[in-house]
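Order of writing sets the labels: A, B, C and D. Residues in every chain begin at 1.
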Amino acid sequence: MKQRKANSVAEAVTGIKNGDVVLIGGFGRGGVPENLIEAVCERKLRDLTIVSNNAGTGHTGIARLLEEGCVRKMMCSFPLAAESIVFQELFARDAVELEVVPQGTLAERIRAGGAGLGGFLTPTGVGTDIAAGKQVLTVAGRDYLLETALRADAALIKAHRVDAVGNLTYRMAARNFNPIMAMAADHVVVEAHEEVPIGGLDPECIITPGIYVDRYCICPKP
Amino acid sequence: MKQRKANSVAEAVTGIKNGDVVLIGGFGRGGVPENLIEAVCERKLRDLTIVSNNAGTGHTGIARLLEEGCVRKMMCSFPLAAESIVFQELFARDAVELEVVPQGTLAERIRAGGAGLGGFLTPTGVGTDIAAGKQVLTVAGRDYLLETALRADAALIKAHRVDAVGNLTYRMAARNFNPIMAMAADHVVVEAHEEVPIGGLDPECIITPGIYVDRYCICPKP
Amino acid sequence: MAHPEFAAKALDRDQMARRVAAELQSDWVVNIGIGMPTKVIPHVPAERDIIFHSENGIIGMGPEIDGVNEVDNDLLSAGKRPVSLNPGGSFVHHADSFALARNGRLDATILGAYQVASNGDLANWKLPGARAGNIGGAMDLAAGARRVLVMMTHVTGKGEPKLVERLRYPPTALGVVRKVFTDLAVLSVTDKGFHLDEIVEGLTPEDVQRVTDAPLYWQTAPAAIRVLTREKG
Amino acid sequence: MAHPEFAAKALDRDQMARRVAAELQSDWVVNIGIGMPTKVIPHVPAERDIIFHSENGIIGMGPEIDGVNEVDNDLLSAGKRPVSLNPGGSFVHHADSFALARNGRLDATILGAYQVASNGDLANWKLPGARAGNIGGAMDLAAGARRVLVMMTHVTGKGEPKLVERLRYPPTALGVVRKVFTDLAVLSVTDKGFHLDEIVEGLTPEDVQRVTDAPLYWQTAPAAIRVLTREKG
């Protein structure tokens, strides 16, 4: 069986490389793989493109990645939250690029990447700044923007339970972007609260099948 | 609370109308809402467009709908299975229309309908008969067909458990098309094996949230 | 913020939330945006069974929980405040959550706004000339929900009208706003522009027109805004 | 069906399944099409951990179950025969199942075919001139899997070659077939056309070329097809 379990958080993230596009799960503080992000920080990587709903909170997680100069570009839906102090400071002096994507379009672009599609037509953003440079197609009399799929080199995922096959469950709204991001990256790394034996997860309730998971480590819920 | 429970199978299907486009769950004999289909047959409706993976088996279910003359058009991926004897006989004498859709494209068109999208770009079918009349768009050097969303007037769904809010779980591979069809129709009717009290389904394991369900009836597993 | 001239008569946030809550009908599925709209949930009349959706994948969200010591980050509102899950609630991932936003099953979304135009255009994500802004889920919700209900003060902190004839702010979505609930009035967006449905007690239609940058029209006597009591619901 | 001339030397279906099974590598995720490919699963060497996918939403499918009295319709293969779920397996809905088919995580799909062309074009859904055909999941799987492996007899029941220079049947997908496993040979699709990798024992490359409607090329001595034993694995 494929060896997915890493012995440490540091070992789990060795597959992330300079220049990677990295999807990072979470919404606000829910479902953020904080331990994996910290471990990526330790590696002092450069030129990462980070795709996540928010642009970091305080000085930890994505904010620390930004602060340590690992990030070339942020793609997110809500970059200027009161807590994204590091991002805002960097952005003000052009030290980081930004692509703002409507949240549902961001989710759907990731989902399309994970579903092997080239893109999709969404009503979101028609007639707004977001439509600049994008094709507008009309289907059944309604206008849609053509948005392209987003696929990444890597994803950092926060799960609740994991088994040795890599099957994942999540906890409440910490699910958010994590399951779709796990499908949309070539190299998927997971931190989970706890490990259960194979067969310990109900096949009806597995949210992410293990085939999408390359590595996992266990970080018990604080 | 919205009254979703019907007292009989017959009562459950009263919202289906002549001329409706009707999504019907199932793959082979798994997850087919057989009782609902039979109840629709009893209503002697006309001009239905039926969207389902198969075109009926033997003389029951969709085959009976066809045999009773309820169906104007079939949309499916696998119309000519050995068991679809009624369909094949009708099709041979032009008594029913047919649109053959690749199975993954069928699933994705339904999913797009359920997700409020206008369509999507898929690599499936490029360079084949299926591409006839469809737009080809190139994204990142790869060709894709533009396929449009499919949304229906009604859906007939087979579930395992249901609660009074309409939340659904499925049983093994009987899940198949059911969850996406439940999202893609204006009027969704469910037959479930058993009913549980509200709170009797784990919120983490509900596959179809009840907001997508208009009516349900209980048909115990034989 | 209310216009200084009418500050004493304007509704407070709690009263605004009560008025919006009264608008929500039984069995609706309603998305709750960040900020002011989260205050609506506790004021929904008990006999109305409304299912609240939060963009981060909560279907059947309960009200925000005040005064908890241990915040569980795994169950937060879109505004990142601790909430509960109602019985019968469930969780979906982000793509499925926004599938719902655009699906047609979302009866209403309640959003804040910078400006609303009399043709229903909505602006709530970016200041004019700014290099960036926070879109969040607003564009998807505004484009997808059956009814876009806006909850905002009638004028800005500087006293500038937020109800306008043409947006001066970058749009979030075009022609989508159905109804606007301010601290001074309730207005419907119609083919003929803003219709003044209700006015806060003590003001005249002409008063509201003076602090609105688009023509209003009204019946001879618009109703007073129905806000039953000030006590917490 | 084997070419009549070579019938005695041709592999039977069980042997073909063994040869295809030997091709599958540890930790691959492999989709199993309907018909002949379903016979592959029981022959996978025990030390190779392969995860089988069935288009109807089964991840971690076990072999077909023979001789059961009570068929459970809720757990059938794509060919509608009863199967088991392996430990660690799970279920997904149809959109997620085909998301996997196109995702890049599907290492291989094993499909039957009417014809395969030397440029990798695949035909397996419709007869020439027919009004309709069965596509099923084949178009998605052929377009999406990392490796399309075809398992078919070398010639039709009438003895007509199924390996051709240009398809005469309507295509399922263009330029996708990686390798073909017939009852007479194993062939790779390369930039230079079909490469003859292995031949059934007792035939020469020239024999195989005679029943193939496209030029073959080969090393001086193509290996014999490795089929270890006839016993059920």
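Here are a few things to note about the model shown:
The rule we apply is simple: a contact is a pair of C-beta atoms (placed from the backbone, for glycine too) under 8 Å apart; a residue touches a chain by one contact, two chains touch by 3 or more.
What you see is a predicted model; the values in this text were computed from it and never measured.
The chains that touch subunit B as well as subunit D are A.
Chains making contact with subunit A as well as with subunit D: B.
More inter-chain C-beta contacts link the pair A-C than the other of B-C and A-C. The centroid of the Cα atoms in subunit C and the matching centroid in subunit D are 57 Å apart. One finds 36 Å separating the Cα centroids of subunit B and subunit C.
Taking the mean of the C-alpha atoms as each chain's centre, subunit A and subunit C sit 30 Å apart. With centres defined as mean CA coordinates, subunit B is found 32 Å away from subunit A. The multi-chain contact residues of subunit B, meaning those touching 2 or more other chains, are 108, 111, 115-117, 122-123, 170-172, 203-204, 207. Residue positions of subunit D touching 2 or more other chains: 85, 91-92, 95, 98, 101-102, 144.
Under the contact rule stated at the top, the pairs of chains that touch are A-B, A-C, A-D, B-C, B-D.
Residues of subunit B touching subunit A in their complex: 108, 112, 115-123, 137, 139-140, 142, 144, 146, 148-149, 169-172, 202-205, 207. Looking at the complex, you find that subunit B touches subunit D at residues 27-31, 53, 77-81, 91, 98, 100-105, 107-108, 110-111, 122-130, 170-180, 207.
For subunit B in complex with subunit C, the residues that touch the partner chain are 1-2, 111, 114-117, 163-165, 167, 183, 186, 198-199, 201, 203-204, 206, 209-212. Across the interface of their complex, subunit B is touched by residues 54-58, 72-76, 80, 85, 91-95, 97-98, 101-102, 126, 131-141, 143-144, 170-174 of subunit D. Of all the residues in subunit C, the ones that touch subunit B in their complex are 26-27, 29, 49, 51, 53, 59-60, 85, 87-92, 95, 98-105, 144.
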